[in-house]
Every structure is written in C-alpha cells, then in structure tokens.
Amino acid sequence: MIDKILPSVEAALADVGDGSTVLIGGFGGAGVPEELIDALIAQGARELTIVNNNAGNAEFGVAALLKAGRVRKIVCSYPRTADSYLFEALYRAGKVELELVPQGTLSERMRAAGAGIGAFYTPTGYGTDLAKGKETRMIDGRGHVLEHPIRGDVALVKAERGDRWGNLVYRKSARNFGPTMASAAKCTIAQVYEIVELGALDPECIVTPGIFVTRVVKVPRKKTTAVPAEAAA
Amino acid sequence: MIDKILPSVEAALADVGDGSTVLIGGFGGAGVPEELIDALIAQGARELTIVNNNAGNAEFGVAALLKAGRVRKIVCSYPRTADSYLFEALYRAGKVELELVPQGTLSERMRAAGAGIGAFYTPTGYGTDLAKGKETRMIDGRGHVLEHPIRGDVALVKAERGDRWGNLVYRKSARNFGPTMASAAKCTIAQVYEIVELGALDPECIVTPGIFVTRVVKVPRKKTTAVPAEAAA
Amino acid sequence: MSYAKLTREQIAARIARDIPEGAYVNLGIGMPTLVGNHLPKDREIFLHSENGILGMGPAPAAGLEDMDLINAGKEPVTLLTGGAYFHHTDSFAMMRGRHLDIAVLGAFQVSVSGDLANWSTGGDAIPAVGGAMDLAVGAKNVWVMMEHLTKTGESKIVERCTYPLTGIGVVKRIYTDLAVIDITPRGLVASQLLPGLTFEELHRLTGIPVLPSGARAAA
Amino acid sequence: MSYAKLTREQIAARIARDIPEGAYVNLGIGMPTLVGNHLPKDREIFLHSENGILGMGPAPAAGLEDMDLINAGKEPVTLLTGGAYFHHTDSFAMMRGRHLDIAVLGAFQVSVSGDLANWSTGGDAIPAVGGAMDLAVGAKNVWVMMEHLTKTGESKIVERCTYPLTGIGVVKRIYTDLAVIDITPRGLVASQLLPGLTFEELHRLTGIPVLPSGARAAA
C-alpha cells in the first residue's frame, strides 16, 4: 500500500541537504507553507537557493530563513516589500545573491522544468534590464527572450486537503504557485489541513495529481495571517 | 449582461471563413464535438486546415469533412487508424496535405499559442524523421527540437456543462484536448450537454474559465458512439 | 487660466467609464486598483488577478476578510458568482497569451512611442518587478494611469524613458490628472482636457507636441 | 534442444512481476496493455494514460462501458479510487517531464545502444506516431515488449535500426518471448532465458553478442 503521509513536518524534511534549491509556494499571505518553512529552519540545511515570489516579510517564513543565515541565493519576482528589511540588509551587505525574474517567467520556468521543456522564448522582459545577457530572437516580428527551466531539489507547498496517494486540492487564491512547484522538484512536500480517504477528492477536481507529490503532512488549521496591504505586489 | 450562449450550432458557426485553421477536440470517441463538426460541414467553409489528434474514422466527424472536400491540410499525430480510408485515399491522391506531429508536441504547440510562448525546445522527436529540417539544440547534453505555436482561427470543443460566461467543465477522459484548444483559438465554440446558472460550477473546479470561450451552444445528450478498439492510438 | 487637477478617484472613474461590457481587465497594483470602485454596476466586466482569479469582486465587508482570497496587492477581495480560480502558471498564460483586453498600470514614465517604465527608478533601490512585465507585453490594450507631472513638475510623458523599461512600445493610452492621451503613429493625441486647460498649456507642461483628438496629421 | 517461446500473456506477466509498488507506469498501446492484466493485486501501481488519466483501472464489466473513459488504445477502461483526470497538455507534461517511472512500449526494432523504432516501418504506409515519441524520451525507464524475431526469423534487436527512429538511446530493457535483455554500457545483458535455450543459441538468433547477467566485460 502506498502511503505518502508522514507523521510530522520534521520527518518530512529530514533529508534536505545543504546547497539544495528549495521552491516555496505562496503569494502574500496565501498559500505559504509556514510550518514547513519553520521546520526547514529547525532542520538546519545551509547554502540554500530559495525560489519564491518574494524575499520574505518581517521575520517569519522566508525572512526567518534569511535571518538564520541559511540562504545563499533568492530567485524571485518581488523582493521589495514594506517589511522586507531582512532581505534588504543581507543583499546590501553582499550576503545573499538575488536573481530577479518577472513573475510569469518565474512560474513558466518552473512549469518548463516540470513539463520537460528544455527552454522557451517569451516576449516578457524583452528589451529590458532583466533580459541583459540573455539570448533573444525575433519571432513574427516580436522580440523574445530565451528562458531556461528552474528545477527544485525540494518543493514546499501548502494545500488544503490531500490523500495518501498525494492528490491535492487548494483553497481559493492560495493555489497560486503550488501546482507548478509541485511538478518542478525532485521531492515535493505538501502540508495540508486535512487528510482525506482515497476517493474523497473528486477525480474531476484534483488540482495536483499524486504523481507530483512525494510526501504529505498534516498541520493544525489556523487562521491565515494577514500581511499588511502596503507589503504589495 | 454577458451571455455567450447561442441558440444553435448553425448560429455558433455562421462566420467561419474559407481558409480557416480549425482546432477540433477529441481523442477516440471521447470529447469529439460531433454536432459542431456536422454544422461546419453544413456551413460550407472550404480550404480548411484541421488540427485534430486523428484524421477521421469511417465517414463521420473529421472524415465527413474530408469527404465533403473541405480540408486542405490536416495537422495530427495519428492519421492511420483501422477505418481512416477516406483520409488515406485523399492523401495518396495528393488532395490533402499532412503535417504529422508527435501527440505531446501537438498539444504543447497549441498550449504555447494560448500562453503567448513564442517557441520552445522539446526533446520529443529529436533525431527522428519528424525533426527533419527543424532547428535543434543541445541543452544539458540532450538533443532538443525547436517547435512553434499552432494557433487556431476557430476551436471546436465538447464540454459537459457550461454557463453564460463560458466557464466549462468536462467529463472523464473526454477532457483531452479541449482546454488547450480553447486557449489557442481566436474564436472558441463549445458544445455542452447542459447549460447551468452562473455559480452552479464550483469555482475551484472550473477547468476552462470563460476568458477562453467565445460561444456556448447546447446539444442534445446522446450515448457516445464507440469507436472500434482496433482503431487504435 | 486656472484648473483643478483630477483626483485619483476621478481619474479612476474616467477609466472605468471607458471599459466596455464583457472586457477582461487586469488592474495591476496600487493606484489602478481604484478603477474597480468605479465600474458601472450595469456592465459585466471581468477582473483578472495575477494570483489566479477571474471574476474578482470588491473588497469584503469588514470582518469577512479571507486571507486565502487576495488580489495582486495582497488585499482581501471577493469572488463574483461565476468567477474561477486557477494556478499561477495558467494565470500568467492568460496574461502573456493576449487574452486580457485591458491592463491598467501605473507608471514612472511613458515615452511617445509607448515604452513603459514602471518597475524601477534605477539607482540604489532593491529591484522588484512582480507581474508588471508580463502584463505590459500581454494585454491587448495597456492603459496607464498616472499623474501627468512628477512632484517636481517634470512631465512623466517623455521622448525617451530614462528609467529602466518595463516593455517596449506597449502603452496605447494614458489617463492623467490633466487629460487622456492616446499614443498613435502620428504622435500623442489628447482629449478630455480639464476645463480651463488649453492645448498650449498641456503641450508646455508635457514638453512634447500634443495633438487634439480628431486633428489630422500635417500632410 | 527445444524450447517453447513465451506467449504474449507470459511476457506480460514477466513485466508485471518486475514493476515495483508505487511505480507510475504507462503501457502504451497494443501488446504492452496486456501487462495491466497481470499486475500483482497486492501492489499499488499507478497506470497513466496519455489521454488524461492517472490511476487507470481494468476494463469495465460488459454493459458498463463508458466511452468518455477510454485508454490510449481507445478501449473502455475504469478509474481506480484515488485516480484523477486532467487535460492532454498536463498529461504529456507528466510524460515529457520524466514523472513516469516506466513506459512499456512495443517495437519493430531496438538497437544495441537503446535506439527505438516503433512508429513506422517506412515505405508506403501512412505515417502515424501518436504519443510514442513523447513516451520514448519522457519515461525514466523505457521497457520494450516484443517478439525476439520477426515472422521471417530476423532479430528485432539490431546493431543499428533500419526503420525510422522513435527515440535515440532511450530503451533500458527488452522483454522478448525468449529472454529479458538489458541494454548496458558494456552491451546486451540477458537473463531469464527460456528453459532449454542456451546463450549460444540466443546469440545466434540475435546476431549480436549477448552477455549473461552478472558476467564481467573482458578486461
């Protein structure tokens, strides 16, 4: 019998190695796998490359990883928020590297990793500073930039419900990067609020089929923390 | 008030022009928009390029379009089935052009059209006859073929249920090419068995959001015709 | 002659009036999100949010916020009856794939040829782009909403952007606190000037020739 | 010495025995679909079908066929409890993206270096490829199921494929009616030879050196 459910976030993250690339879901306060991030901090892996839409707010989540000195590089679209002071200080001190990627390209590069696409041409960013040094090509009279996959060693995603085969469904806009990141990593770990019996998820409505999920761990439900509206983008 | 529902398949197809590229959903007997195809034949548009997984079985569907002499070119992955004699005769007589595309590349090229990707590198087909004349590139030591989008002027898809905003859900493996084709055409026409009130489709489970759908038309429910098992692939 | 500049809400109301029924629209983040408050109640307009929402509704009543349902600016929103959720990659496919009719974006500068600079003022600030570049190249019509002049009185409509670009030749129309300006092959074309504001004055403030709407190009 | 070649069902049973619990597997079309009938009941194995099914179950009872639920060969199937549906592009993303552990495919020819020819015999036939090329490059392990010899007695395992290729260097293992043959850097390695079939005879029939499993390469 296949059972991907692990008893704790600690058990789920036990084998994350130094130097790993970790894809972390979430956009604003929605879909952030907070318990998995906390467990990653406790677990101790160092020299991580973190792929996330942002670079951490205040002192929790990705910011706490930064504060703990575990992050070598951040790949994200929007590192500057009202309370991204931890990232800003480390970046200015040259202690963390930044790869800035347009948000859609960030998501599409992970999708390419999951879908076995070697590289793709996108019009996004053509002629801008973010395309500097990248190969370009005119296609149908329009400038395009060549972009390559972003693969994760580990993906940490937050879903609403999961089953022992790893099937997942999400809740509202908390879905965001989860399904794509799940497809793009060697080891995908999902935290869920509910573990349900096989068959309880409608096969027409499963968003992430279990093939993309390595481990599922249940965390206690809590009210999602609001991020200040000024922490925009 | 936005109402994408049209009263008949005839009304839905009235403006299909000669020389159009028409994406037609379906795989085997599942997801074939039979009523829309029949209406396209009645409508009379000529010199069509048809994009479909197959090239028609027996004398219905795409085969009937072929028989009526409306097809200039077929783009598909599997034109040879047990009863694809109409296509075979026309192809051998030089009366219809064939572009053979690996099935995943066929789907991905339409996805690229819908997603605004200018071109992509895929390992599929590298080193084979189907990559002849195509640009190739080694990426991470692996051969890749450069593939370009397939855009439709019109897409004909079969869904199970739809609403007046064009939101669609499908049934089981009848989903197949529908969602991708819907995203890849200028005008997407969906036939459904049921039209439901706005809000009746669960927003977590809508497969094709209305933004990809131009027109919805209800057709009478009928038992899906079985295709002989020998008509494989 | 004197004139009162439009408030942000007034600019937003102008933009809202110009959005036709059935349009698929993204309102970016910041100032353009005000447009949502002014959409005519008798038109069905589909708001898209980059984080996976189509058919986004207004802010919820106080106490009914759901932090799993937020907009691109991370503020709580609602879903209209008939709306749908999807994942980020599908959401940006909608954007990049030219399925949105209109994107309304803020800007630091817009050039006469429609170049957009709205993501970085260069210099020492931490760079951050979000979905700006995807919207800039993706929407069928990119409209900019901004004040006409900087705080120090310089025109934000320029011959050539000096700030880092977001996209090249992408902007079709600019709504400012002074006028509505279309970017056309024959140059800037202005309409809806504030009462009391002359074309001459608008030209002077902009520093670039501005044609009246409906005027013909010189032979 | 005499030996009875394995039937197709016997080959299928061998393959089924080698599929570990938890594997994600695609059985292609035609002969390899027989493997599905032999999967051990005490192992959970996930069958994928290119047309958007994961967790595919066996054929339905007569009279319960649902033509909206078919496999890649267009035959009616069922869905296991816990299975899922998705669209074609997502399905082929699973294939191309190396998420399948095993694909079992038929073949006209396989070369010593793992080249696969299974989609066209060339000549005058209408060409048709389906999902063969996607599976060939996508699955982590491509296993071929075929008769060892053609009807005219020629080996289908060859130095170089003469039929059009499906993929280059993709096949890891071949299950034939005579033996199981692994494609390794040191050449073909055979095991599970039919009782009564010697390595010498297998070598003679194949026309290419075949090493016994566990044998060492010459210095």
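Labels for the chains are A, B, C and D, by order of writing; each one numbers its residues from 1.
One rule holds in what follows: a contact is a pair of C-beta atoms (placed from the backbone, for glycine too) under 8 Å apart; a residue touches a chain by one contact, two chains touch by 3 or more.
What you see is a predicted model, and the numbers here were worked out from it, not measured in a lab.
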Chain pair showing more contacts of the two, B-C and B-D: B-D
Chain whose mean Cα position lies farthest from subunit D: C
Cα-centroid distance, subunit A relative to subunit D, in whole angstrom: 36
Averaged-CA centre spacing for the pair subunit D and subunit B, given as whole angstrom: 29
Inter-centroid spacing, subunit B versus subunit A (mean Cα positions, whole Å): 33
Sites on subunit D at which at least two other chains make contact: 79, 85-86, 92-93, 95-96, 137-138
Multi-partner residues of subunit A (each touching 2 or more other chains): 108, 111, 115-117, 122-123, 170-172, 204, 207
Those chain pairs that satisfy the touch definition: A-B, A-C, A-D, B-C, B-D
Touching residues on subunit B, where the partner in the complex is subunit D: 27-31, 77-81, 84, 87-88, 91, 98, 100-105, 107-108, 110-111, 122-130, 143, 170-180, 207, 223-227, 229, 231-233
Subunit A - residues contacting subunit B, complex: 108, 112, 115-123, 137, 139-140, 142, 144, 148, 169-172, 202, 204-205, 207
Parts of subunit D lying in touch with subunit A, wherever the complex brings them together: 21-22, 24, 44, 46, 48, 54-55, 79, 81-86, 92-100, 137-138
In the complex with subunit C, residue positions of subunit B that touch it: 1-2, 111, 113-117, 163-165, 167, 183, 198-199, 201, 203-204, 206, 209-212
Complex contact set, residues of subunit D against subunit B: 29-30, 49-53, 65-70, 72-76, 79, 85-89, 92-93, 95-96, 120, 125-134, 137-138, 164-168
